[in-house]
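Before anything else, here is the set of structures, which you'll find just below.
In what comes next, chain A is part of two complexes: it sits with chain B in the first one and with chain C in the second one.
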Partner chain A sequence: MLIVIAKLCLLFSVVVLTLYAVRHYLFAASRLSLRRPKEWMEFTGFVLPRVSVLVAMHNEEAVAADILQGLVECDYDWEKLEVVAINDRSTDRTGDIIDDFAARHPVIKAIHREGGAGGKGAALQFATPRATGEVLLLFDADYFPGRSMIKQLVAPFCDPQVGAVMGRVVPHNTGRTLLTELLSMERAAGYQVGQQARYNLGLTPQFGGTVGGVRASALQSVGGWNSESLTEDTDLTFRLVARGWRVAYVNRAECYEEVPETWEVRKRQIGRWATGHTECLHKLQSSILRSKALSFWQKLDSLFVLSSYLTAPILVLGWIASLVLFFTQQNSVALFLSVALMFAGYQMFGNQATFYELGVAALLDGASRRVLLMPLSLFNFFASTGAICGALLRFYFGKLRGTGRPRWQKTRRYRENGNGNTFGNGHGATPRLYSQGANGLYTRSSNG
Partner chain B sequence: MRRLFIYPHRSLRAVPLNWPRCALSALIAGGLTLAIVRLLQPLFALHNQLCLGLLHLSGIPVTGIALVQLFAAIQPVPVPLVAVTQIGARPLELWSIFAAAMLLLLELHRRIPFARSLLSFLMVLLIVALGVVIFDSAAQFGSAEFATIWLRGELLIWFVLPWFSASMLILMQPATVLGIGWALISQIYGFFWSAIRLALCIGVMHYTGILFAPMFWFVLGVMADVVYLVVFYSVGLQWTSRRWDTRTN
Partner chain C sequence: MADFVAWRFLIFVAIFGMLVYLQFYLAHREWRKLKGEQASDIDVNYVRTEDYFAQSFRMKAQDWLKLPSSVDDQGATVIVKGNERIRLLENLGIAADGSCRDIVITEHDFSCGPRSTMTREIWARGNAVVGSESRLQALAADGAVDLGENVTIARWLDSNGPLTIGAGCRVGARITSRARILLGTGAEIRSAFAPEIGSAGWDGKVTHGDPAQFTLLDLDLSQDSADVGRQMAAAGLSQDRLLQLGPDTWIYRGDLAPSVAIRLKTNLVVKGDCFLPAACVLEADLRADGSLFLGPSCVSHGNLIADGDIFLGRSCQFSGLVHAGKSALFSQWTRGFNPQATVAVYADENMSLETDVAVGGKIAAGGRVEVVDSTGAFEWKARRGIGEKDLRVLAKGQGS
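After this line comes the complex of A and B, so read on.
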């Protein structure tokens, strides 16, 4: 009986993981041979819409000045722009920094949220009614938007079917630790290959809640932000596409972010993503399947995206089954499959990306030295598998016991903060990009 | 004056995959697979010779050669026979080895933060193996059984590898000959590397029974195959990337 169950588990794991692996190989091949990606900036004569840039900040004194200064230096028409800086229940100097910027730059609107539920979704839900733009762009506080970023992100909204847009996230602290190097490759695979291929194949690129935007009317049509979700961006993406809106991806719109520099922070981050995605899967699967706006392949791909973190426990299930079969010396087919399982499993080298995708992304990015670190992604793979399994166990346990939903946790920042404090990562801290001079103005630091 | 070559922004880059190139890659992969099928028996014989040589070199007594059936469609293949310690019958030895291995893994776990998850998994495998040795002595198996499990996995790798090489190494190299070279090297390396790892596993089983068998099967088995494939892929890509950078049209 045990052997039959083990064989069935193994077969299930092999089938699921092979399907995922094939999907990722197709994405990589599609992106690799893509001669001409869709380029929205070629559209001319498009009347630029009024844009509200929402930046939710909870205890972000270390990074708040950088993002606000970056936004006021953008080349978008100031008559059609407002930057909504949300001080979300901060207990540090974030509110003061925002007020200081708002006093100097009329384009910045300061909003202070004193209480209420935690999480980015709740902060956005609070700020959205106060924003006046036709398009709402979102940035996390640790991002460095370039001068033309807003124009690049707004361009796809010339298509009235586009409900949301996503740009490319690029880590700026890449060379800090081994982990940041590995995460940099992982991000490149996710955006340069995964998102671009999905977009060009007519599937759904994911709106990531930062370096992206949503049409205000589209947001309203699906009922606004879901403050209950741990991944409000994923939740919004699939509510939008289920209602017939399209999500555009702009690979050229690159924005720099901080990636976790320590494994503990990384594990917490990926655990949150896993819980959020799985939460969305349970909530949205029926509306995706019933949607008349989505084709068969779009529905299938959407379910693949939302179930992607379930591959980690499925892989572990397969390992346990193959271990049982190893000791009971079950021959031929079973162990043959166990090998196939491992082969498929180890291809999840990045965060749900095969090592083929990591390589393709590194090649296209010209990251010729970093690509040599790719074999070390194996450690990242094991760390992620463990963290995802742990997070999903807690999630399902919580659901069974009815102990409520998991808490949102802020990802740690590594940039040197305003008080000169640094986090003990053993490598010093990333310098701030802008610093406040004696005259009160923010100027670009020489070391930034 | 217009520049002869403007390197496109990374968001616009692509590696053109034309049909002749894809067909050539498939042809090479098919040719390699066919060669493996035709040379399967000599390959297994050579693999066995390599294992035997390594076992002799390390002073592990080989009691003979067994012919094992991997799959019904393939003739029996030779594998070395080595006496495997019945570690369950020697509790003191069993617990000493187990404790030493656990201490080593715990120390590595403490010192290498990025390897903690992998090491935790290995500790679990070690504990499971200990449980099997203590509570299920029927699960004991010899070197021939282990080699059978091993070779089944390796056979799959040998057949799959040409196709991985075709898509990863041949298609992406600016010069096809270089891609073919990479594919051949990775195939040959995979063959020799398999024999070395199998000899190591059998050698360890000779001294410690099946205590480390699942751990070694896990780490030195298909995982090691994937790792070397990724190493080849990453080095190949680095070469490719450098060569693409220097091309002007």
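After this line comes the complex of A and C, so read on.
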């Protein structure tokens, strides 16, 4: 009986992981094809709706000035722009920094949220009724929007079916630790290959909740933000597409972010993503399958995206099954399936990226020497697999025991804070982009 | 024998181990090189401007003018910067079949005769006249530009004054003007940006007569269901195919082909092809997952988007953006102007303009923008299976 179960588990693992691997090969191959990627750059500057930029900030004194100054310096028509800076229950100087900017720049609207549930979704739910834009753009506080970022992101909204848009995230602190370098490669694969290929193929690029935006009427049509979700962006993406809205991807709207510099922070981040995605899968799978607006392939790919973090425990299941078969003398079956499992499993790791996708992304980005780093991605693979399995075990045990859902956790920042201190990460800190002069004005630092 | 197998196994293990070690060794070596480096730089100060190449060249040229200069045998001032030779002249007139391999900056006008070859950039601070069948690298003029027939410009073309492109000219990249661009028949370019862009035969008027005043059937999908049902039935459409997407946007499943001219008041997404008869008025955005065919004299105040082709019949007017996922054809007397903003037209493949078409803003294509005569327009329609019968159907509005 045990042997039969082990064989079935191993076969299941191999089939699922092979399907994912094939999917990623197709995406990478599509990006290597000569077909022009779908893009909206030619309309940059010609689509000028009224825009509200929402920036939720919970204890973000280290980075608040940078994002606000970046937005103040953008080239969008101020008559059609408002920056809604949300001080979300901060206990540090974030509120003061926001008030200071709001006093000097009428384009900035300060909103202070004193209590209520934690999480970005809750902060956005609080601020959205106060925003007046036809389009709501979102940035996390640790991002550095370029001068034309807003124009680039709003261009796809000339299409009345586009409900949300996503730009490309590029890590700023790439070379600080091995982890940041590996995450940089992973992000490149996720955006340059995964997101762009899905957009080109008429599937659904994912709205990531930052460096992106949503049409206010589309948000209204699906009932607003889900403050209960750990990944309110994924939740919104699939509620929108199930209703019939499209998500556009703008690869050239590149924006810097900070990625985790330590494995501990990375573990928490990917654990939150895994839990949020899996929550969304359970909540939205039936509405995706029943949707009249989605094609068969769009439904299939949506389920692939939402189930992606389940591949980690499925892979572990395959490993355990292999061991069982090996030690019960089922060598012929175990050998064949284990080799297949190794091949398929090797393709799957991290944030839905495969080795092949990493290589293609490095090539498309003109950073082909980075492919030499790929063997080191094994560390990220094992660490992510462990973190995801742990998070999903806690999630499912929590559901079984009725102990409630996991708590939202803020991702740690690594830039110098407002007092010139650094976070103790053992590697120094990323310098601030802007510094406050004696006159109170922020100017771009020479080291930024 | 057993010893032999063991040796083979050990050799295999050794080679395998070396290969594993090698990839980790190379990876570690690469990591040590990259450690401390930042990501590939994003220029956060980047602002997209349509005349970027020309302005960038002018700025570089301004810097070169500050360098020490000498006088050559022909009395021209020459600046040498590395491998570059920059010639400064009051005026330059090159005779037919002439050529020049230097970057040229003229204080006043520039002209060259037929079949001239200029292999480097030219900056004329006055007007520029280029003879027919000449070949140029790139040209910036502070005055007007006049290209003769069949001129080839490998890269960009920019002017502060009016810019006239002769018949059969080819420009490899962007054309920009701060005044007006006139494209001759058979001209092929990648993109044009100017307050006014017209194809051959355009007389400079932003409208071709007033929009036709016909009785239109109002289609306001935001009204209550019974009213919408009556409107849809009168237009020969099925209400069952209608799906509300958002407060101001609806989806129509299948092809949309109203039997009478309509006034569409809400955003509409058509999950198929869209055929609108003559004289329809679109007050909001219209999108088609397939192709979009507008009959003559239609007026669009919103954006027109299609994953397939877009065809605008004669005398159509639009004031929003037009995006075709494949190609587009604008028929004679089409006008695209908006007093409050610049309009933009883009086709992922090719963009074809018949004669006497005008747009205020930008026309661009992933392939090429071309001015076609009636034969070219006929071929475009024939390739897409649009025959005379279809055109008659499109032209058959209630008021036509």
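Quick note on the criterion: the second predicted complex is superposed on the first by the 435 of 448 C-alpha atoms of A that agree within 3 Å, B and C clash if a C-alpha of one lies under 4 Å from a C-alpha of the other, contacts with A are read in each partner's own complex, and residues count from 1 in each chain.
Just so we're on the same page, a residue touches a chain if its C-beta (ideal position, glycine included) is under 8 Å from a C-beta of that chain, and two chains touch if they have at least 3 such contacts.
Computed from a prediction, not measured in an experiment: that's the story for all the values here.
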{"item": "Clash-or-fit label for the pair chain B, chain C on chain A", "value": "clash"}
{"item": "Partner chain(s) touched by A:178 [first = chain B, second = chain C, both, neither]", "value": "both"}
{"item": "Touched partner set for A:144, first chain B, second chain C, both or neither", "value": "second"}
{"item": "Partner chain(s) touched by A:254 [first = chain B, second = chain C, both, neither]", "value": "both"}
{"item": "Touched partner set for A:158, first chain B, second chain C, both or neither", "value": "second"}
{"item": "Which superposed partner A:15 touches (first chain B, second chain C, both, neither)", "value": "neither"}
{"item": "Chain B versus chain C as contact partner of A:369, first or second or both or neither", "value": "both"}
{"item": "Partner chain(s) touched by A:383 [first = chain B, second = chain C, both, neither]", "value": "first"}
{"item": "Which of chain B and chain C A:217 touches, first, second, both or neither", "value": "second"}
{"item": "Contacts on chain A seen with chain B and repeated with chain C across the two complexes", "value": "36, 178, 254, 365-367, 369, 372-376"}
{"item": "Complex interface listing, chain C residues touching chain A", "value": "23-24, 26-31, 34-40, 42-48, 191, 243-249, 251, 253, 267-269, 284-287, 302-303, 305, 320-321, 323, 325, 341-344, 346, 348, 361-362, 364, 366"}
{"item": "Contact set on chain A toward chain C in their complex", "value": "36, 38, 41-48, 70, 75, 144-148, 151-152, 158-161, 163, 170-176, 178, 181, 184, 215, 217-218, 220-221, 243-245, 254-256, 292-293, 365-367, 369-370, 372-376"}
{"item": "Complex interface listing, chain A residues touching chain B", "value": "25, 29, 31-37, 39, 168, 178-179, 192, 196, 251-252, 254, 262-263, 323, 326-329, 331-332, 335-336, 339-340, 342-343, 346-347, 349, 355-356, 359, 362-369, 371-380, 382-383, 385-387"}
{"item": "Touch list for chain B against partner chain A, complex", "value": "9-17, 71, 113-118, 120-121, 125, 128, 132, 136, 139, 141, 145, 148-149, 152-153, 156-157, 160, 167-168, 171-172, 214, 217, 221-223, 225-227, 230-231, 233-235, 237-238, 240-242, 244-245"}
